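Both complexes below contain chain A, partnered by chain B and then by chain C.
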Partner chain A sequence: MMSFMFAIIRRDLLLVMRYPAEMLNPLMFFVLVVALFPLGISPEASLLSQVAAGIVWVAALLATLLALDILFKADFADGSLEQLLMAHQPTWILVLAKVIVHWLISGLPLVLLSPLVASMLFLPAEALPTLMFSLLVGTPTLSLFGAVGAALVTGVKNAGMLISLLVLPLYIPVLIFGTGAVAAAAQGLPVSGYLAYMAAMLIFALMITPWAAAMALKVGQMQG
Partner chain B sequence: MQLTTPPILLQVAQLACERDERCLFSGLQFSVRAGEIWHVKGPNGSGKTSLLRQLAGLLPVDKGDISFPAEKSLLYIGHKLALKEQLTANENLAWLTALSTPSTDQQRYSALAKVGLRGFEESLVAQLSAGQKRRVALARLHLQTAPLWLLDEPLTAMDQEGIKDQQGWFSEHLKKGGAMVFTSHQDLTIDGVKVIDLSTLEEARV
Partner chain C sequence: MSWFDNWHLPKWFYQMASPKWFYDFGARLQPWFAGLALILISWGLVWGLLYAPADYQQGNSFRIIYVHVPAAILGQSLFLFMAVAGAIGLIWKIKVAFMVARSATLVGASFTALALITGAVWGKPTWGTYWVWDARLTSTLILLFLYTGVMALNQAIPDRSVAGRATAILAIIGSINIPIIKYSVDWWNTLHQPSTFTLTSKPSMPPEMYIPLLLMVIGCYCFCAWLIMQRTRNEILDQERQSSWVARYLED
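Our next item is the complex of A and B:
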């Protein structure tokens, strides 16, 4: 079971290394969106620091969404998905492996890039650990919920917009608690409540989404 | 001398297939025993691929029944070859076999040599020709141990030599107690090929 999961993760990371543009696009998007805000609103530190948390989180959310489309699409197109579904292994493991790869190439780099973009927006230094931690807990949740949307639209052409519509409502609580935590940290208020809610959402997503996405994948494959 | 009948690996009873509200075939009935080779024939759009996908469990079975009296262990090579263009032949076989029977570099190299791809082990699949790609996929026949092979158009894009080689692999597999169901527009020269003709089935129903 574990070797099945590692085989998929290894293969997908190898593919990303061979073809890094797929991974770099969402990250470029993330940095560019954040970089444009000071130009569009005002370079004033006092104003930017107030909206910094929201901008970083919205950009992270959209960058995650951008990387979702490719989650199962290539595997469906070249027939790999058939072989993966036929392996005598529970499909939720396949989903989990795909989510882990998605997070490694989209969520984790966002966490690592966040100090850079936070400084571009004059986020108070004391709020930075909270921003990074909220992204660390929040982005896996985004990847997990996103997998359900991506699984539902496998085999549908040009489904990028459809995924967004399906998944965005599920992303909103993560966004609210993520920005809430960072805003509270900037004002010196306790943040553990926010982060606890985010951790709870992650655990909830871990419990139901691999199963739900597995069901969606099977139905999608049967129609394809 | 009394010969025991070989075990049934796959049993199909009253199977029907409907795609987009069109009935492709119905009342299909056959059983595949160890050592048997079945050729699914029929014109384009008669449901050959759909039948194979149903057998592989990749399409729903609304009517009829498909059962595997022995252990359900299949090797399915579909129309889509499940090869990643940005990976080498060797890497592709590595992940494909890891799903059921993990293989070593040595095993994969010898399997690729058997399908005539010596020297192409570390070439990206994107750089291979259509026939070579199919050969990479068919190298799985030499690596995986599943007794029942389901092959969709295995002869497509193969040269004469390749078709001859394949028939050799098929016969070898049958001798070892394996069985296979395949689709093709081309007849094999192996003895004892059993035929499922989906076009006559259609007429019988009408």
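Our next item is the complex of A and C:
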């Protein structure tokens, strides 16, 4: 079971390495969206530092959303998803492997990039560790809920817009607690409560979403 | 899938799974719900709008509560209803349950939208603004987004049985998330601004204001039961149009 999971992770990472653009595009998108806000709102440092946490988190939400396509779409198109589903392995293992790959190439790089965008937005330095930690705990939750959306729309044409309609409402609690943690850190307040709630949401998502996404994948195989 | 192999539900539950049986059953039940809805809603509306005393602070503008509160309650409970119907469909592989869930979606979304619109209309004279980012308003708006997601997914998948299953999964995930969303939105609001308006803590309404509201809520439930049954029966006719009993019914 574990070897199946690691084989999938290894295979998908190799596939991504062959086309690095798939991994770099969401990151560039992330930086670009963040760069739009000073242009749209104001270059004023005092204003930007107040809204920095919200901007970074919204951009992270959108960037992970954009990367959801890589979860199942290519495998569905070339038929390998069907083979994987027949592999006599629990489907949730497959989902979990895909989620891990998605997080490794979208969530983790966002965490590493966040100091750059935070300094672009003049986020107070003392809030930066909290921002990075909240992204570290929050982005896996985004990947997990995103997997359900991606699994539901496999086989649907022009799924890009649809998937954002399905998934974004489910992202709202993560957004609220993520930005709340950073805002609290900027004011010098304790943040462990926020991060604990985000960790609880991650565990909760780990419990329900692999099951739901596995079920959705099987349902998706029924059509066509 | 084994723990309920030896566990039997009442007979009517299995009978409901037959489209034809549900169609006939609905036809017998519908007049009762229609009648109850008509009586309760007209009774509640006339009492609430004409005879209930005016609010000592809000005057007559508070009377929109007789539409607003039932709409908000129905919008929330129909999402749960939709998820439960979808879960029944997934567990027992019942086609009719998916049709019921599908029928309930638009009704629930309409009531949620009605709650938001009446809330905005009510907010203008009372709060001086159509919209505030109050926790309850925000979570109702998110509920509407969840409904639109379910409807969009339903529209996007042409195969009805696949669409039914997929939307059931989404509705279940959504309804599990509703308490989390509601809780986090509550917290977000109290964090960023003091809750200026609380719609919940009405210091004990007098009964002559409260009973018409209760009548309206129950009446709206009956109306929804009637409407969802009608929509489900139409859906059954549409999806079962190949079968002989539909042809026979339509000839009569």
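Note that the second predicted complex is superposed on the first by the 223 of 224 C-alpha atoms of A that agree within 3 Å, B and C clash if a C-alpha of one lies under 4 Å from a C-alpha of the other, contacts with A are read in each partner's own complex, and residues count from 1 in each chain.
Assume a residue touches a chain if its C-beta (ideal position, glycine included) is under 8 Å from a C-beta of that chain, and two chains touch if they have at least 3 such contacts.
All values derive from a computational prediction rather than experimental measurement.
Once chain A of one complex is fitted onto chain A of the other, the partner contacts of A:Ala147 are absent, as it touches neither chain B nor chain C. Contacts of A:Met201 after superposition: chain C is touched, whereas chain B is not reached. In the superposition on chain A, A:Ala63 makes contact with neither chain B nor chain C.
With both structures placed on the common chain, the touch criterion links A:Asp78 to chain B but leaves chain C unconnected.
Residue contacts after overlaying the shared chain place A:Tyr19 against chain B, while chain C stays out of touching range. Contact with chain C, but none with chain B, is seen for A:Ala212 once the two complexes are overlaid on the shared chain.
In the superposition on chain A, A:Met222 makes contact with both chain B and chain C.
In the superposition on the C-alpha atoms of chain A, the part of chain A touched by chain B in one complex and by chain C in the other spans residues 222. Per the touch definition, chain B reaches chain A in the complex via residues 56-60, 74, 76, 78-87, 91, 95-96, 98-100, 102. Listed in rising order, the residues of chain A touching chain B in the complex are 3-4, 7-8, 10-11, 14-15, 18-19, 74, 77-80, 82-89, 221-222. Within the complex formed with chain A, the chain C residues making contact are 90, 142, 145-146, 148-149, 152-153, 156-159, 161-162, 165-166, 169-170, 172-174, 176-177, 180-181, 183-185, 187-188, 191. By the touch criterion given at the top, residues 145, 148, 152-153, 156-157, 159, 162, 165-166, 168-170, 172-173, 176-177, 180, 183, 201, 204, 208-209, 212, 215-216, 219-220, 222-223 of chain A touch chain C in their complex.
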